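Look for chain A in each of the two complexes below; its partner is chain B in the first and chain C in the second.
Our next item is the complex of A and B:
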C-alpha cells in the first residue's frame, strides 16, 4: 500500500482512515478495481473503500461506524470464493481480514489451535505437521484461502468424505456482530456450549450474520497409513457404479474423486500432467487411510470392485512422490481448464450417490443442448459434482448460455433430491436457484434468522437468498472466470 | 374443572383414542393436562396450530427418558407424545442415508439398519427406550463421540413443525450441502423449544467388522499416571472410538474394580483392532491392569454402560433423589473433573458415578443421595467446571429441585441472540416453554 495522504472529500472514508490508519485503507478507483469481485467474476462492482484492520477492536470500531451511518459493509479473506460472496454489490466498505493472519495458539495435547481469520488454511497444517498433526478441511485453494473465509463458506475439500467439512472442525468463534458488538462462542474449545448451536449456524452463513475475528479449530493426528489408487475406465457408467459399490461395501475412503474425459484432457494439457491415457472415459482417484494393519484389506476390496466394473487399468501409488503428483494433477483441475478453454464456469451440485450415472448422462445432454463442452471433475464419494461449463466470453451470448447451462445442471441435481451447492456456497451466483430446493416459507424462515443478527441488513446484503418476487438481477455478465 | 372444556376441541383433528386426560402428575414434571398421540405430521401440525392460536402450552416428548431434563412446570396444557409417530420413511442403503420419524426408538432404528451392515454413528444413553427425536433434540451422545462425532455431524436433514403449524425443511438428503443457512444446527440440542422434529435424515456409517474394549485400571489412583499415559497414547496414530475414564465408583459397578479405569474402544477390521490393543499394552504403566473385552463381551459391556444414567421413564427412586450432570471442559481437564467428582461425593455425602472422554471433553456425573447433598454436589461440580473454563448442565433432576438449582448454569453473553431466535420462531412461547437455557 502506498503512503499517500488521504485525498478525498468522502467524510466516511476519512473517518475509516482514522480508525485503521492512512496506510490501511484503499479508496482510489484504480486501487479498488482489484476488489470488485472474488473467484466468481461474472458480476463486478466497486467497493466504496477497502479497509485492513489489524485487530478485533479495529474491526468492531469499523463495523460500529458503518452501523451508525448506515453504510453497507462486508468481510473478505483471500477472495477465492467461487459464488460471489465477497463481491460488493451495494458499494460496500470491504473489510479485508488479510492482516489478521496470526496463529495465536497451538495445543496439541488437546488437539486444537486458535487462529485469526486471515490465517491461510494450508499454513495451519504446515505449522503442526512436524508433530504429526493436521487440519482436515482441504479445499483445493488451501494454499491461499483463509480459514475465516472457510468458516464463512463452510468450505469442504477432497478429504471431507471421511473427515467432514469445516463445520465439523470448528470449536469456537469470536464474532463481531453487525452492530459492532463482540461475542465469543465456544470459548476455548469446550464442546456443546449450552444454547442454540450458533457455531453451526454461523459457519456457512456466507458472511451475512457476523464477522469472525478468531477461530478455535480441531486438529487431527495424521493417519498411520495411506494408500492411493488410480483407476481408468472406458465407460463413465462403470466408474460411477464403482463409486456406488465402494460406498455400499462399507468402505469409507478418505477421498474418492472422479474426472471425465474432458477434464482429463485439460489436466494433461496443464501444469501437472501425469500421463493419463487420453482415450479413457473417466478416472477415479481413491484414497484410503487409517491403521496400517487394516489398509490392505480395504485396498483389495477396492481393486476387486474396480475389476468387477471392467476397469481398464488400476494402480496403487508406489511412493509419496507419485501420490503427490496425482493429487497436484487433481487439485489444480479447475485452473487447468484455462489450457483448453478461454473461460469456464464451475458449478457445485450435490446428488445422492446412487444417482450418479443418470445425472452424469443428463449433464451430457445439457452440454449438447447448449452447444458447450462440460467437463466433470468432482468429489464422487459424497456426490458433490463440479460440472465445468467451458465457454468463450468474447463470443456474444456465450456467457449467458454458459450461465443457463450451469443453472440447468443444478436443476438436474435438485430433481433427484440433491442440493444446489455442496461447498462453494450460494453467494450471488445461485441465489435464484435456492428456489429449486426451498419453498418461499422455508426461505423466509432463514431470513428471519438473519434478521436476529443483522436487522439492518447492512452486512453483505443481497447474497444467499433469492430476491423476493423473483425480480431477477440482470446485471450484465461482464467477463470471465479464470 | 370448567377450564378443561377445550380438550373436547382436540377431537376436531384427533381420534378420541389419541387423547388421554391425566389425573396425577409425574414427579419429574413436564407433564400435560392431556396427552395426545399424533400419528401423522398433519396431526402434529394440527395440535400445534390449535395450541398456538388458543394460548395453550405444549410439552413435547418421545418416550419420556429425558423428562427430568429442564423445565419449570409440573404440567403444561398438552403433552405431545411422539410414541405413535414411528418408523423408517426411507432407507437409501446405497446412499448410506436414512429418513426416520422422530418417535422411532433408537435401538429399533439400529436393528433395521444392521442387516445392511450400516448404523447411525451415535451412542446415546438408553438406546432401547430413547427415541431418535429425543436424542437429537437433547443432543445426547456417549463415549464413542470421540470416533463417531455427535448429532450435528450425523444429521443432514430435518422436517420441523413450527409452533404455528408450518412445516419447514432444513438441509436435505445429501451428505454435503451448504445451500442457505445450516438450519439443522439450530434444532439439534434446542430441547424442542423451536418446534417439533418430525422427520430426521441421517447419514450412516458402515458397521465395524470387529470391536473390542480395553479396560485399563489404575490401582494407584494416581491421576498423573493416567494423564501421562493418556497424553502419550493420544499422541500415537491409533484411532480409538472412545477413550473414556471411569471414576472408581462407576468402575466398581461396571468392572468390579473400584479404581480409576480407562475404557478404550476400537472398531475396525480385526487385525487393526488387535494391533491397536498391542499399542495400549506397550505404552501402559506397569502398575496398570489391562483386560480386553472382545466381540460380544464388548457389546455386553456397552449395553450395560448405556443404562447407567438416570432414566425419566423409570419408577421413582427410593431413598433420596437422582441427578445427572453433563460437564463440558477442554479434553484433558476431564481428569480434573473426575478427580473432583470423588472429592465432592465425600464432602456432600452422595454417591457420584462419573465418566468423561479425554479425547472430546465431555463428562457425565450421576448422583444419588439426599436432596441437600445432591444440590450441593451439583453446585460444587459446576464451580469446578467454570473454573476450568467449562460448564455444567443438569440433565436429570426431580422438578422440585429443578426449581431451586439452575439447570443451565446462567446465560451466555450472547443470550439476546438465543432469545431473538426463539422469539422469531415461537413468539407465543407455545412449545417447551422454560425448558431451555435462561428460561427460553
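Our next item is the complex of A and C:
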C-alpha cells in the first residue's frame, strides 16, 4: 500500500518498526485516534503506537521489547468488545492481531481446527459448512469479531444456551506470556489433562495473562434438523413466564432470545426489519435443533406453552431465508440502536431465569429514574440480560447518567443472586461493579494469579479488577450487597 | 490566516453555520450522519481496504470515528488525515452492512470537500487533477478531441509502435497496464446523433426517455451507448440525447471538489428539465445523479430542483425490468457470471434486475460469483490515484471470479476496465460485457443479424 517511512524521533517507535517493518506500525495522531476505543466508547485514550505483527515470533519480539523497556502494551482483535478491554487506558502499544488471520488447519476426523487469533468467527463456520460442520459459539458480532478476541472475553452468543460458551470449545492455545516467552497449553486432545486447567484460566482472562497467537477449537457436526419460532406477546410477564416454562418443561432450545418494545422499535427502524408489530411488549425468538425425530414434538410443546401465556401471534419459520431474516434482525440489534439514539451503553447482567419479570420491572424503574430509555435484547434462556441504555454523549451529564443507570441495572442483577457479566467481560466498564459480587479478599486472590503471569502488570493494566485505591470506600457497598 | 479564511467563508451564502468543530469551510458535513454510528464494527469485514490492511483508520467505523473527531474539535484537517479519508474506495459496501444505515459514503464525500480546501493539492498532482477534472471532463468537445487523439493513436499504428519499442515502459506500471486494456475508441453517440435529437422507438412508442451519454463513457464505450439506444428503442422507447448535458460530477465529488460537482449538477438538472426519464448505463453516474440533492443541502431552491431531477433518474437495467422489457427469443449459448458494480448494488440497491435481464436470454448459463458485490478496485479514478491498493483489491476480487465462464457481465464502465485488467493479469480468456450489450446481442440475433461481442 502507500509507503509510510518512519518520521518520528521516538526511539521506541523506531525500534518497534524495525521488528514489524514500517508498513506495519501506526504512530501519527490521525491514525491512532481510530484506536482510542473499541465497541465501548465511553472511555477513550490514544495508544502510543499500533503494531501489526504477522507471526508468533514477531508478537514475542514486540512483547519482549515492551517488557524490557517497561512499555505498557495490550492485544486487540477486531475491537468489537463491549466492555473496553482493548482501550489503551495507559497509552499502551496496541498489538493488533488483524493481520494474523489465517485458518491454519482443519481436521474434521478429529473435529477440530487451528486458527490464528485474527481469524473472524463466522469465517470458520463458512469454511467448513459445506462439509457439514460448524463452530458453535456465535456472538452477535460474529460477522466481524475475531476468535482471539472471543477467547480473551470467553464470548457467548445466542446458541450458547445449549452448546456452551467459548471456553467449552477451546482445545488448545499458543500463548505469548507478558515477558515474551511462548508456551503451548492443551491442544493434544486429552479431555482432562493432568494439572491445573490453564485453558480455562486463560480463556476469559480479558487479555491480562498473555496474548493468544494460535487457537485449536472444537468443530461440531451440523444438527440434522432445525426449527425456529417467533412469538409476539402483549405483556413482558407473559413472555418471561413462557421462557421459564419452556426450560422447566425439559426442553433445551438451541437459542431462546427476547426483545422488548424499545428494542423492537430500533431493529424495525434499522437496516434489517422483519415487520414485527410495533405495539407488542416483547417477542421471543426460539430455536430448537438436533436429530429430526422429536423436533416437531418440541415445537408443538413450545407453541402450546406460548398459547398458555396469551401469545398474540406465534409462527414457525417456513424457510431458511425467513429464519435467516429473523436472525439478522436479532443479531444486528445493538448496532440498530444507532437508528434511534446517538449513543448506547450495553450491560451484561445475568440473573436466575425465575427472577426475569421482577428484574425487568426494576430496569424499567431505573429507566424512569434516570430519564433515559433502556432497550432490552437478551439471551432469555440463560438469564443473560442486555439492557441497552440509550443516551446522547453530546448532552452534558448524559454519559454520567447512563453509566450510573447501567451500574444500577447490574446491582439489581447481583441483588437477586446473579452476576454482572455473562459474556461481554468486565474490562473497564464493570470493574468497580466486581465489588457487587466479590469481596476484597476474593479480588486480591485473583490479582495474585494475574501477578504470576504478568508480574510487571504491563499487559492490559487497569482492566478486569477494581483499582485498590477505592477498596475502602466501596467495601461497605459490597458488604451490603452481600 | 485560517481565521480570516473562516470569516470569509462564513459570509458566503452557501454556508448554513460558520463552523463545526474543526470543519470551517462552507457546505459542512452533516453531523447526524455520524450520530447514527454506535461503533459496533459490523461494517469492518465489508470494507475492502480493511480487508487489505487490518487497520482501523482504513475501516468504515474508524473513518467515521475520525471524521466525527474533527467535528468534535479533537483532530484538525491536517495532511495526515488525507490517507484515511482518501484511501476509502467510496464503494458503499459498509452502508449495506450497517445495522443503522450510516451513510459513510456521503460523509466521506462531504469531509473530502473540507479536507481538499484545508490541504489543497500541490505540484504535478494538482496539475493533472486540474487538467482532467476541470479542463477536460466537464467539456464534451474537449473530451471528443481527446477521443479522436486516442483513436488516432490506436489506428495509426502508433500504439503498435509504442508497445513494440517499449516506449510504454517509461510510464508507471499501472498506467502502462491501463493502456493495454483500453477499448478501441468508436464514434461518440453525441456526435453521431448530433443532428438527430430523437431516435424513434421500434414499433409503437410507449414513452420518451433521455439517456445520459456520460463523459468518458461516450469516448471509450460509445458501443455501449449505441447498444443502450438500440435496446431502449427495441422496447418501445423514443430516445433523446439532450445537447447540454455534461459529466455527472461523480469524479469531482469523490475527489472533494464539490464546487465543480455542483456546477455540473446544475447544468445537468437544467439540461434534462423537459424530460420524464433520465436513463443511465454507468452505475457510478446514476448513483451520483440520484444523490444530487446531497450537494444542495444548504440551498433550498436547488435542493428542490435536485430532488425532482433525482426522481427521474433510473439505471437502464432497472428501467427495462420495471417497464416490462421484451424477453429475447434468440439463443446465445454462453456461460457467464455477473459482477455487482458497487454503485449499482450498494449505491442504488439494484441487484436482482440486471440478473433478471440476463437470465431472460435463452441459452445463457449464469454461474454465481461468490461475493459478487465486492469492489473490484476501480472506484472511478481510484485505480490511478491509489494503484497499489486498487491492485490488491482487484487481486482479492479475482479470487472469486469463476474460471469456467466466457463472459463477465456488469453495469459500470469503470469496473469493466478494471476487470479487463484483472483478466489480462491472470492470463484468462474472458470477455467483459455490459449487461445491455448482452440484451442487444440477443435482440440483434433475433433480427437475423450475425453479431459477436
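Throughout what follows, the second predicted complex is superposed on the first by the 464 of 482 C-alpha atoms of A that agree within 3 Å, B and C clash if a C-alpha of one lies under 4 Å from a C-alpha of the other, contacts with A are read in each partner's own complex, and residues count from 1 in each chain.
Here is the rule we go by: a contact is a pair of C-beta atoms (placed from the backbone, for glycine too) under 8 Å apart; a residue touches a chain by one contact, two chains touch by 3 or more.
Everything quoted here is computed from the prediction, not taken from an experiment.
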TODO: Sticking to the clash and touch definitions up top, decide whether chain B and chain C on chain A clash or fit.
DONE: fit
Task: First (chain B), second (chain C), both or neither touched by A:30 - done: second
Open item on the list: Contact-wise, after the overlay, does A:154 reach chain B, chain C, both or neither (first, second, both, neither)?
Closed with: first
Task: Angle at the Cα centre of chain A, taken between the Cα centres of chain B and chain C once the superposition is applied, in steps of 10 degrees - done: 140
- [ ] Pick one for A:120: touches chain B only (first), chain C only (second), both, or neither.
- [x] second
Open item on the list: Just to be sure I read the superposition right, which of the two partners does A:255 touch: chain B = first, chain C = second, or both, or neither?
Closed with: neither
Open item on the list: Let me test your reading of the model: by the given contact rule, A:74 touches which partner, first (chain B), second (chain C), both or neither?
Closed with: neither
- [ ] Please indicate which partner A:339 is in contact with in the superposed arrangement: first for chain B, second for chain C, both, or neither.
- [x] second
Open item on the list: Is A:145 touching anything from chain B or chain C once the two structures are fitted on A? First, second, both or neither.
Closed with: second
- [ ] In the overlay, work out which of chain B or chain C sits against more residues of chain A.
- [x] B
Task: Shortest CA-CA distance between chain B and chain C [superposed frame, angstrom] - done: 20
Open item on the list: Using the touch definition from the top, list the residues of chain A that touch chain C in their complex.
Closed with: 1-2, 26, 28-31, 33-39, 41, 50, 52, 78-80, 96, 98-99, 101, 118, 120, 141, 143-145, 270-272, 332-339, 341-344
Task: Touch list for chain B against partner chain A, complex - done: 92-97, 117-118, 139, 149-150, 152-153, 162, 166, 168-170, 172-186, 188-190, 194, 205-207, 231, 234-239, 268-269, 271-272, 274-276, 326, 328-332, 359-362, 389-391, 393, 408-409, 412-415, 417-418, 420-421, 424-425, 436-437
Open item on the list: With touch defined as at the start, can you tell me which chain A residues reach chain B in the complex?
Closed with: 107-112, 132, 153-154, 156, 160, 164-165, 167-168, 183-185, 187-201, 203-205, 221-224, 244, 247-248, 250-252, 290-294, 297-298, 350-354, 379, 382-384, 417-426, 430, 434, 437-439, 441-443, 445-446, 448-453, 464-465
Open item on the list: Which residues of chain C touch chain A once you look at their complex with the stated criterion?
Closed with: 35-45, 52-57, 59, 62-63, 65-66, 69, 74-75, 78, 80-81, 83-84, 87, 96-102, 386, 388-389, 392
